[in-house]
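Let me begin by presenting the structure, written as structure tokens, before commenting on it.
Read from first to last, the chains carry the letters A, B, C, D, E, F, G and H; within each, the first residue is number 1.
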Amino acid sequence: MDDILKLVQAGSLSIEEAKKALATYEDLGFAKVDHHRQKRQGFPEIIYGEGKSVEQIIAILEAIKAKQNDVLITRISEEKASKVLEVHPEFIYHQVAEILYWKTEQKHVDESDSFIAVLCAGTSDLRVAEEAAITAEVLGSNVKRFYDVGVAGIHRLLDHAEEIQKASVSVVVAGMEGALPSVVGGLVSHPVIAVPTSVGYGANFHGLSALLTMLNSCASGISVVNIDNGFGGAYSAVLIDQLARNKK
Amino acid sequence: MDDILKLVQAGSLSIEEAKKALATYEDLGFAKVDHHRQKRQGFPEIIYGEGKSVEQIIAILEAIKAKQNDVLITRISEEKASKVLEVHPEFIYHQVAEILYWKTEQKHVDESDSFIAVLCAGTSDLRVAEEAAITAEVLGSNVKRFYDVGVAGIHRLLDHAEEIQKASVSVVVAGMEGALPSVVGGLVSHPVIAVPTSVGYGANFHGLSALLTMLNSCASGISVVNIDNGFGGAYSAVLIDQLARNKK
Amino acid sequence: MDDILKLVQAGSLSIEEAKKALATYEDLGFAKVDHHRQKRQGFPEIIYGEGKSVEQIIAILEAIKAKQNDVLITRISEEKASKVLEVHPEFIYHQVAEILYWKTEQKHVDESDSFIAVLCAGTSDLRVAEEAAITAEVLGSNVKRFYDVGVAGIHRLLDHAEEIQKASVSVVVAGMEGALPSVVGGLVSHPVIAVPTSVGYGANFHGLSALLTMLNSCASGISVVNIDNGFGGAYSAVLIDQLARNKK
Amino acid sequence: MDDILKLVQAGSLSIEEAKKALATYEDLGFAKVDHHRQKRQGFPEIIYGEGKSVEQIIAILEAIKAKQNDVLITRISEEKASKVLEVHPEFIYHQVAEILYWKTEQKHVDESDSFIAVLCAGTSDLRVAEEAAITAEVLGSNVKRFYDVGVAGIHRLLDHAEEIQKASVSVVVAGMEGALPSVVGGLVSHPVIAVPTSVGYGANFHGLSALLTMLNSCASGISVVNIDNGFGGAYSAVLIDQLARNKK
Amino acid sequence: MDDILKLVQAGSLSIEEAKKALATYEDLGFAKVDHHRQKRQGFPEIIYGEGKSVEQIIAILEAIKAKQNDVLITRISEEKASKVLEVHPEFIYHQVAEILYWKTEQKHVDESDSFIAVLCAGTSDLRVAEEAAITAEVLGSNVKRFYDVGVAGIHRLLDHAEEIQKASVSVVVAGMEGALPSVVGGLVSHPVIAVPTSVGYGANFHGLSALLTMLNSCASGISVVNIDNGFGGAYSAVLIDQLARNKK
Amino acid sequence: MDDILKLVQAGSLSIEEAKKALATYEDLGFAKVDHHRQKRQGFPEIIYGEGKSVEQIIAILEAIKAKQNDVLITRISEEKASKVLEVHPEFIYHQVAEILYWKTEQKHVDESDSFIAVLCAGTSDLRVAEEAAITAEVLGSNVKRFYDVGVAGIHRLLDHAEEIQKASVSVVVAGMEGALPSVVGGLVSHPVIAVPTSVGYGANFHGLSALLTMLNSCASGISVVNIDNGFGGAYSAVLIDQLARNKK
Amino acid sequence: MDDILKLVQAGSLSIEEAKKALATYEDLGFAKVDHHRQKRQGFPEIIYGEGKSVEQIIAILEAIKAKQNDVLITRISEEKASKVLEVHPEFIYHQVAEILYWKTEQKHVDESDSFIAVLCAGTSDLRVAEEAAITAEVLGSNVKRFYDVGVAGIHRLLDHAEEIQKASVSVVVAGMEGALPSVVGGLVSHPVIAVPTSVGYGANFHGLSALLTMLNSCASGISVVNIDNGFGGAYSAVLIDQLARNKK
Amino acid sequence: MDDILKLVQAGSLSIEEAKKALATYEDLGFAKVDHHRQKRQGFPEIIYGEGKSVEQIIAILEAIKAKQNDVLITRISEEKASKVLEVHPEFIYHQVAEILYWKTEQKHVDESDSFIAVLCAGTSDLRVAEEAAITAEVLGSNVKRFYDVGVAGIHRLLDHAEEIQKASVSVVVAGMEGALPSVVGGLVSHPVIAVPTSVGYGANFHGLSALLTMLNSCASGISVVNIDNGFGGAYSAVLIDQLARNKK
């Protein structure tokens, strides 16, 4: 801002141009899209697919592609995705994660680099866990998956403890009683992002039980995102993993 | 009932006496005390101490002792208990458990017999865990304690897994996220009684978090009692342990 | 563990073999199945059917049958079950309980042995009560059913009190106000497992009302499982009943 | 209103007088007291004592007595009441019910007339039960008390069933799981007013558990008042009992 | 019970016959039907139609008609009812109330007798209000309807105040904010049964808002039934109205 | 009222006529319609469309049009609206707002006059925001829309701050975390009406999260209406805007 | 902002000065005080007194008075206020409202001008109602009070309807069932600000009952502030009243 | 573990010694302390002070100091802390943060290194914000504080946006509506840890309002810890900051 004001002071920048330079988003009429943030971090544009029609999604996709940006669409059903793929067969769809995306060029992943551990408690948590894993990969991180390692059979988790400890950050997905993040938090020295899922029934209350468990964890280093928010968990994890990646 | 009706039919029993024979409790005016159930099981009379004055407690104690029954008082503060002990020094008080009791004769405990495992997650759960442990002992069961074995340091629990597996039933006490019963449930083959505690803060909601966790446990063989109800957990456990004891 | 370490020390066991010996589950890729626990207790493998496709269920069934294990599938609709039965007509389906199972050989049940009493308050609670009863029978216990004995017509319950008292453990299923376990708890001397159901409307809140009632019961010896969790109630009851059965 | 309008039309009533005739309350400045309703039914004026100072209470009492009306004060602690009694020793205070009242003349109660049954589940519910019983008596009804008849010892209730059935209406007070009204509702043919109390702990949530139980009762003929509202339960019961009394 | 015991004592009654005489219900296998209570009060048998198939309903209807009893079925959709009417055209169906019933003979209603006032706040509350009104009529009471008299247009209610005051009891049905019972409670001297409905949206929480409003009413003489429970409100009201009717 | 009484006194008005003069609504049998209030303010009659059939809606429309009144129908789906439009093509339907209306004559809007600012946080809040905006316009106010100005991209809002500050009142619509009204409240000097929406998932609890956020706002001058109640927000705003309009 | 940028461009304003000119608050180290907003509207500085020590309050007061600003302190107990008054006897304290304030000069109030109607349902709501009334007066509006006009005695309200209708805006304070705003909303044509109070007990849940009632009101033109937030209700009302005042 | 097994195989390690080598904690009888984790990360031992007596705290402190470890005690009141300081004057106490700690040697902090931004919305959030800030500093991170930057005066935050963006991670503390993390999340490119506080009243529900707001944030990169858990927020932040620090 100092720079822009100095340019204005020097007369090198007109007031209109100064205003445009400070603008951080594009006004598309029905929506105001912020291109800056994503670009700064090399992230694709992100669209929340639920509640949008196929036509709306295609329109937005094309607008973004016109700007040579990558795109990540979350919560898009197989039915909708297949209609988008008819028009844009270059997109990739992950059925379990319900994610559709397109990347201009594949970032070269250095296998020796840092990685995010994505864990889930049971097979019913797979959709959310995969939403987290695919999101993290599309955003440029390495991911290792540790699935079906719930606390009721603790040895399934302990057998992978050593490998999990090597991650830069863990995303731990669990429904029902949601106890897995507490156990993981006690085993590792890196940050843990806990993602409660709505899996369960009865006094589960659509994920409230797992959410409260995670917020009340007696282990340190755990923070929590919204119920079923695999995308949000991955986004926070990638921001953390970038700190680890960059140092090498 | 058949027998009593036959005696009435035979004229051996008056109608008044038949009525009395069917009575299962004593009406003390302000309270109706059921002597039968406890006696059947060799249990002491049980009094919930909270909200009763020292005078009321002493009056009830003396009424019960007059009938040569044992007595167990739960939730009685040290201050109240010391006043009772001035009058009845033969009573025994457990400070942590806040239990006061008196037994006519100490049942001979066979150390080789079955036992109840009482576990707690953290030192803050001690009051409830000791309420469970002392209750179980006064009701006639052997107890082994496994304290401060919460899931955030899972090896503390695993080191005692072999010993815990030998119990006839486990009473597992935990506050905060309440995840311990799920892990224990996956390690043992006997019934687990889970006791949530109100230990914690913030989104703990006075034990609701731990309660929901336990009800939603993905491990089988777990049932739950009310928040902070160490007495109730022990009572259920002793009924189960009696089945194991009797068979030897 | 001592034994395995001694064998390693003696050179009789390679390190790889020592690792395998400690493994307690089989990793099937998308799931990690624990064969040990069920086998130890003579229980079948248990599958939660809700949310699984017919194809998935058949695949899992065949994997388990290949190992000569019994199988119990809960929460499987009649529609799905009939498709499984086309391929595996040797399975048995209980329509009310929504349970599908197969046992290698029928355990001989000694009628004179201990039994589990399964009670329910109203006819709307039948699905959950039958889930409990069938589960208990498939897991090897005797069961006696006492249905439609809700507290609003208390004599319906009292007429069976004597018979219920002979059980080793009661599973008490109730929706709406959920008061039945309290009354049963006052009538019997054995443990009571209370199962709240989501039956009701208005301020019932999908079973929350019955759940709270049961957790707050003024009768001792009652513990509670999740709303509609007939399977879980039966599992705990069978573990208790085994203690009674073994002693004879 | 027709009458008053006709008098105005006839000129027999001035507009000012017409207005006064329609006024149904007296404006005391800081409060607007409605004398009509209570008078119509022979009820005393009723004051909710909680949160009022001794000075305020005395001021209001004297204003009412000046009009020769009876007074009933609920929720007034012993400490406050004793200060009022120093000034007005003619008042009567019920310590358990925390009620202070004064009646100009004792209504002659015909013992052969109808009566209200007041039941409570446990001795901890006594304060609320007595608030109901004393209120009903001061308002002019006969009351019979059936205390400590909770469902965990069902025979304590059944022994009085025949007597309870003779009442015109029952007020049933219960805390903890609140199951008593359901059982009573199944035994009697008259209306039942259920009063949940905040007695209990843990997942009781200050009476919410008992309240939900009563609203979800499977027995017909039960309606519910607010938690701990013994006064409200009695008021409804007296309105009902008046219908029964008047007919004789 | 005294009488029966005396007969047994005198030898006039066998033990088997004594048992049968005390039986208060008939065991139909899958259900235990209590014929006594309804008969005592001249009420029809009552069936909750929701969740029952047409076949089940017809089977139950015919069993009851065989005993010459009247029948009232609540919560039965028009589709189901029309199928029942094909087989039993003598039944009467109320479309708004979703009630189907049959009475052996129409009780002669004396127009000069007492009546129940059924009020509702808005036209959206009609289904519940009519469930209450029709139930009360089938159970033998006179009913007067006062609909669409919600508090946001207070004069609509006040214009009928005089007529409402003549009722023996009011059933007041309201959704959204549920304020109507408080205003009615302040206008009348008879008991008010408040019925909250689930009508509304947003922070209405399926009727919880109206339920809490009614429980917290500052007017005396109001008691509350479950959300949308028009039947329950009417049942309590009829029990009260019977006291008024009988006296004349 | 004084006037009417004087006329009665003077004999110029019969009692029947006096009654009619005081009547403030028309009784249509199944509904009591209040014509006065709307007319006083030049507002159309308002109908809540949800849960009403096309036939019912047309019947009501025609009744109102017969009285030369304007009509505004909220929450009416496109399917229903198109059927109404077949019969009454003079009506105007707003698809996003789900509003159908008819005005006898278009009020002349003075562009230089005061206006209501309608803001929404995201595009998912559009339905509620448009319900507010169209309602306000049909009720006679000028409206300026500021959409997709949520707090996660704060500059999108700040760029319009100057324009928003000129409004007489703001209606701020937001789902998810509902933070927008707090920020707006800190930027403007006029009243803010906050409208929470049910947009979101997980721990959003159908709009409860946004509702609580708005009620707890640390900014002054904010008041809140029910979840998704765009109509209600606009109605309050128009009443406020009228004060500003009238003064010019 | 255009102006400032032009001055910078013209060299008339240094960059440092430009920054200062845009600053809208003063940074006092531990707090950042915004002087602009209040000044713009002629409002005093406002301090929330709860949780602040007497020393802190005096320090803040003196800082503000040094700038010749008025001050309004809410939620300050009589004990704290008397200590402040010892040092600053020029302040005025309202005991019921718990408000302490100081105004440099009393704004001349034109009695013929617009006014705010402050209503409350019962005498227990007085503290919140007076917080609203005093706040409104100190902020410069005329206020008329209508207290103890709850809906259980509807005529107390109706007698003042004509006067209330003349207000520019109503602030309606009510606890318990919170029904008063709905009735008022139906009587007036101006905006209504509803303030729920935590007055009540049992299922009142600290004001939640009244809050939900008000949010669900079936009357239009009502918006709601937080529980017990008399200040907030008044602040919104004054912003509205200013629109009415200015026009005259 | 491979290494230890090899040593056992080679006979270089006895079985007892192998067991000890695997032990990860010290059993102090009433507590099992894990020394390993903290040591690995250079963190002090952490004690939760609430509910512990001065004697208990001193005993634990001395045990830890004997092992040359640093200590951090959270939630310790000034009264308790001053008693500890009498015995151990080398400890440092932070009054606002309620933290007492001791470090063997001060880690050299490189001012040019990465830092954690700690923000809070209002001065009432200071205790929690300082708990976070001091914790982070004692754990070895640089901290910059941005206090009283709540969203109701958005410019207070924007003026510091540039500086905040330079942090490696932000800890954002807010009570009341809890909107600050959403705005910060939109301004920065690093991870945000949101800490809700229980500051507020009415429908704040002890921090639930702020908690839900943060979980539902529409900004990406935000994860949440428990209400008032400043320590937990800082712990997660330090784990993240270490990744940034180490890389330099």
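In this section, contacts are C-beta pairs under 8 Å (C-beta built on N, C-alpha and C of every residue); 3 or more make two chains touch, one makes a residue touch a chain.
Keep in mind the model is a prediction, meaning the values are calculated, not measured.
Separation of chain F from chain G in touch steps, taking the shortest path, is 1.
By number of C-beta pairs in contact, D-E leads over the other of D-E and E-F. As a whole-number value, the distance joining the C-alpha centres of chain C and chain F reads 55 Å. Averaged C-alpha coordinates put the centre of chain B at 39 Å from the centre of chain H. Centroids built from CA atoms put chain G at 60 Å from chain C.
Multi-chain contact residues of chain H (touching two or more other chains): 153, 186, 202-204, 208, 211, 215-216, 226-227.
Taken in their complex, chain E has these residues touching chain D: 1, 37, 40-41, 46, 162, 168, 186, 189-191, 193, 211, 215-216, 220-227, 232-233, 235-236, 239-240, 243-244, 246-248. Across the interface of their complex, chain E is touched by residues 121-122, 150-154, 158, 176-179, 182-183, 185-187, 200, 202-205, 208-210, 212-219 of chain G. Those residues of chain C lying in contact with chain E across their complex are 123-124, 126, 147-149, 153, 155-156, 159, 201-204. Those residues of chain G that touch chain H in the complex are listed here as 22-25, 30-32, 34, 50-51, 196, 198, 207-208, 211, 226-229.
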